[in-house]
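Take a look at the structures below.
Below, chain A partners chain B and then partners chain C, in two separate complexes.
Presenting the complex of A and B:
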């Protein structure tokens, strides 16, 4: 507890709160549950106090003060809903609506628009303006983002994002006053690895993603907290789904990982993740590969592992969850673990200049660190490591594109655990359908060693189930473990077996993620 | 521009509406290059020099083209968009080429009450142009501007650097003739 000299008492709408000096009224108000309306203010950007939406009355002050920049003083008494404050807000809304087209029915932001919300709150039925509305039209600012000039309220969040966070001030307010609009240099489109964050920060529907235009209404989307699988950064995201399809990904704030931002590539990767032709049923090889029910599939896998096929080697995907990789390792250990390998696709790294903790990492997989913790080795050519293996061969969620001819032919038993049935995978003896990250609960370990949870957003296709479920049921049949009832239970077992995860549980990881043991000591030493 | 070398303090503060403007004149050459260098010595960083540098470009060409914007951005290490935001914010920078005489009519409240609208109409009719256009003979461009600061003598009209007070519709023709 801080001592009295380092905190100040503020009264906001009758609620007393102690805050450290330098806190803004807006932040202090949030501590007592009062969320002030705002347009120009965004927690990840500087506050220019230009929208005048968050004006509050402070006792003793000669006029209303912008709460987003006004810092608290000891014994300050603030009224956020006094007649004056409400009147000022009403006036701001009235001005903003002078030229706004009110085209909410065809606006992408409808349902998630702060102009809609606050205009609704002021409840003004009529405008007092009789002049015709000014028309500014629309234009692309990047090849994928359209700017609707008429909807824009000139809060300049996008301008400040490009200036302060992207540090490429390519967007500016052109003209001034009621003629003002946002533009690049006339006619130019700009490109930036993090450009789509300007759509997220836009409080209205002025900047919209062409990819998402007319795809779904905001209120029709189900949201699930998740982790971006695009690279080893592990940005916290929210998956918007409709009709069991991912429609979009938006960043979820996490100051330790991605702040309020995420890259464009991640968004595009996520939307297409797990779409297309999926492996939906377990299959066994008889004369040919035939679909079977889960009982027969798991019995076959159990029998195969009991039959002492020889030591197990495997190829895993570093896109698999910690739980899946742990279960794979356990299954392989039944036959004797003789080496597991994974490939890491590499591409150009893009660091976000204004928040360098965040980058589109060159390792374009989410869980390479996790795979290493379970004893898998990164390899430039994982197929070569196992191609001529004669014991048990496991492949987890690797599409086997580019696997050599006759891959797995020499193996005593070839088990394919995957989401897609590629021609190479068709040579497997046992095929087990698994789920993508979006279809299950689980965790990834990002490049910092931060274990982060993701929630299921979609129903898995057909009979596909998470590997922790089918794998642990197999382990129970083999008498080397018990079938887990949840991903959390699987993680608890994993944390018991691997020191790096010692002490971590789904509950303790929470929404922000937790560092593995070695990363914790590293951070402690650095701090 | 005179041959006499300008003091750096005024290198960027010369009259910027000139009858001798050339819309395609080469930028930052000869004396203008020297003046550009002089302007930079007067400011703590390059960005701060943007207004005088733009004013100098307008003085030479009579308007700010997108080529000018890109050149200035390059020379001052700014993005073209930033320079555009400046030139479009300050209405005294012209976004199109202008005639030999830029006729700016005040249409703010004082002049408006004393018939500025009629003066504008008369000027447009007499020059055969619409607002902002160059007349066929290349002599005139008529635009409306905000207060010119001589409200006691409405309607106020500024032609290039010269201010005409108490302009009436009846005196418009004489004004144009005088210029010719």
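Presenting the complex of A and C:
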């Protein structure tokens, strides 16, 4: 590509750009910051060039050309905002609205609707259509996805997603012309592990997720970039929150991990994550378990570790962040690390046929790889490994469901670091509330060994704080470290201590994530 | 008995044996000189020579676009590493057109000869005849002809000992107008929805089943044996420099003698209408004529003195198209006629492109409203603007076809529109 002969010069709205042969006008335009409106085109799908929204004027061409499929030629001069191109674009919007109900006030897509956006952009606030519109009604296409036929602009993105990416061609355009609508081949509902991507690709409000229907307006949602905790894949997602609750998760593109997609299971997992009764305050055991302030809690933890309680064993959740696991390891090392264990819930794997890099992995935790890197071992029964331990016992964010009777009773000191206070956790001597992934900044290490950052989306409940914060403050009190002021600082310390993370920083990880050392060499060897 | 309404002023090459039931049989066809062209082409001519003679003849595609047939064939890749296909477009569904039906009904072997020679010329191993499914009377005739041709060695392996082999399949359409568009046809042939494809790639590069393919109209192929037998110059004796040979015009509507007539391409449209077709019904006058199927612009009565060549009809403001002539006399209300056409296009739009899917529907709604007395003066510029927005912006030309009659009827018959609009407004105020 660096070879000058293999690049072609194209001028788009006066901006010259050199692109490799085979580049479409639409892609070339994006390189100079010109984003062409489009409906049927989606970067993760084939381009049928049927919405005709991205038509542009090319000097010397007899007609306007669809930029999504038209490849550039050397010395091509393109005008995206010529009078003809603008008129054609206005016309497409007007045509799309001929049979569109304009029910934006009750439409889930309002505020994130490409039809709405371009209708405003092309300045069409009044209609020339006075004749009655077609009415198609609505119907489910899956048990969880509703299709509003009237809003559909027949861009066929959903059909192509099922054909090309899911590779289960169950959707099609039924009927033809203005009577066309989207339905399954059989008319029955369909189910697919990745079906909800059809809602994401829908440029309008035709396909909506029942789980989100009428729950929130798009503009009321705050967005935070995050990583799906549903399995070890580590899909890049965006969390939509409102009133400090996760309302939905949408995939964020990352070609190395999840392309433009994510599975249905992940979305459902995320929405329910961290809801319900939460552990909100530190607690200490006196006569009974009583809430205390952070000073007393951290003092108690510091004292307990100073008191040489005996070597530490622990149970950790592989849903904890790298930073939390690192801090846990260091806390345990104060007493002497004698083994840490984690369980990995397993379930059926679902590979996305058209993008096999992506699967709903059978390991249904986000950070098993990370936990291993910090010396924790996977175990079928982590409780059994520590149940009769007599030294210090640590549990990090494991609900202890199914822990044996009297779990932790023999431990010299039982420290519970968690988000929920289960009956088994109530037996702890020191209870430290921690945050979920959605309530803090941090990183997970996915199955490939890719370290990926997530941002806080929610306010933590009550006094709950990330473990890197409370844990590093304790380490400072113990004189074995300094209190970190941020997750990034914690990560810097972690990267200094563990070779696999050597050279990585929050900045260098960036939005796409970075591979740990051994995964990098593996990739290099494979390459 | 002669074919209905044959006329001495016709030039009957393709239609010479129309009306002769014996010509439909293989023996009857051989008695009439049939399959001589196949023997000549496969026995003594190279592929290039066949393409060359068709190029020399100046034959242009008879399906509607008028693209030179020989040139089209020459676009096929020369190497045979991939299988090549010839697809004969027999999905004749352009309103007003029924000339291919006559060729297949009366002279199926004439078409088969053309298919064999055409396939040979482009190096095709398989030929498909995609017949309109509604042609229930034609399909068995063609099927029988194919069976007979196989049995006599004109199809199958090593045809007539030439070393050339060809399989031929008759495929039935399922009732979509758009399956007559060549790439829509290829999709339909492959078992997909008949939705036109984006070009490029053109069928010659990537056609049926992704392989190099040529799609030719029935009439274009049927005339090829005559050109092979008699030579390109022979064919050029008729017509004009740019429009050589003869063309079938299927004439319908308000005519004394509707039917399929074969005329040299320099024939005058007025003569075709008044002489061959016998003019309008008694006591009536022509009001409008669509010379080439409903997709071409409408000609007004004072525009009929035109040559029936590609360039002649274009100069008159219309097109040869498929040669489906629709005559309308002065009893016709043009708004009604155009509304009927636009509703047809709305019904037949495949619905891929926005302009076509919504534009045909919207325009039909407006036309129907005008017809019912709900018209407004601003509907006229609105219809023209919708038409302008529909034309030249879509994957195929169905959208343009729907816009053409709207525009030409408003240009030429605005009085019909204004009368209906005025009448409606009077009705609205109770006068």
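Here, the second predicted complex is superposed on the first by the 521 of 527 C-alpha atoms of A that agree within 3 Å, B and C clash if a C-alpha of one lies under 4 Å from a C-alpha of the other, contacts with A are read in each partner's own complex, and residues count from 1 in each chain.
Basically, a residue touches a chain if its C-beta (ideal position, glycine included) is under 8 Å from a C-beta of that chain, and two chains touch if they have at least 3 such contacts.
In this text, all values refer to a predicted model and were calculated from it rather than measured experimentally.
Novice: If we overlay the two complexes on their shared chain A, which of chain B and chain C does A:300 touch? Say first, second, both or neither.
Specialist: So A:300 meets neither chain B nor chain C here.
Novice: For A:153, decide between first (touching chain B), second (touching chain C), both and neither.
Specialist: After superposition on chain A, A:153 lies in contact with chain C alone.
Novice: More residues of chain A in touch with chain C or with chain B?
Specialist: After superposing on chain A, more of chain A is contacted by C.
Novice: I'd like to know which partner A:184 touches here: chain B for first, chain C for second, both or neither.
Specialist: First partner only.
Novice: Just checking: does A:168 make contact with chain B only, chain C only, both, or neither of them? Give me first, second, both or neither.
Specialist: The answer is first: A:168 touches chain B but not chain C.
Novice: A:176 contacts which: chain B (first), chain C (second), both, neither?
Specialist: In the superposition, A:176 contacts both chain B and chain C.
Novice: Taking the superposition on A as described, I'd like to know which of chain B and chain C A:29 touches: first, second, both or neither.
Specialist: Neither partner.
Novice: Please write out, lowest number first, the residues of chain A touched by both chain B and chain C across the two complexes.
Specialist: Common interface on chain A, chain B vs chain C: 172-173, 175-176.
Novice: Which bits of chain A are touching chain B when the two form their complex?
Specialist: Residue positions touching the partner: 168-176, 183-186, 188.
Novice: Which residues, counting only chain B, touch chain A once they are in their complex?
Specialist: 66, 69-70, 78-82, 84-85, 88-89
Novice: For the complex, give me every residue of chain A touching chain C.
Specialist: Answer in residue numbers: 48-53, 55, 63-64, 66, 69, 87-88, 91-92, 94-96, 98-99, 128-129, 131-132, 134, 153-154, 172-173, 175-180.
Novice: Considering the complex alone, what residue numbers of chain C touch chain A?
Specialist: The contact residues of chain C facing chain A are 176, 178, 193, 198, 346-362, 365-366, 369, 382, 389, 392-395.
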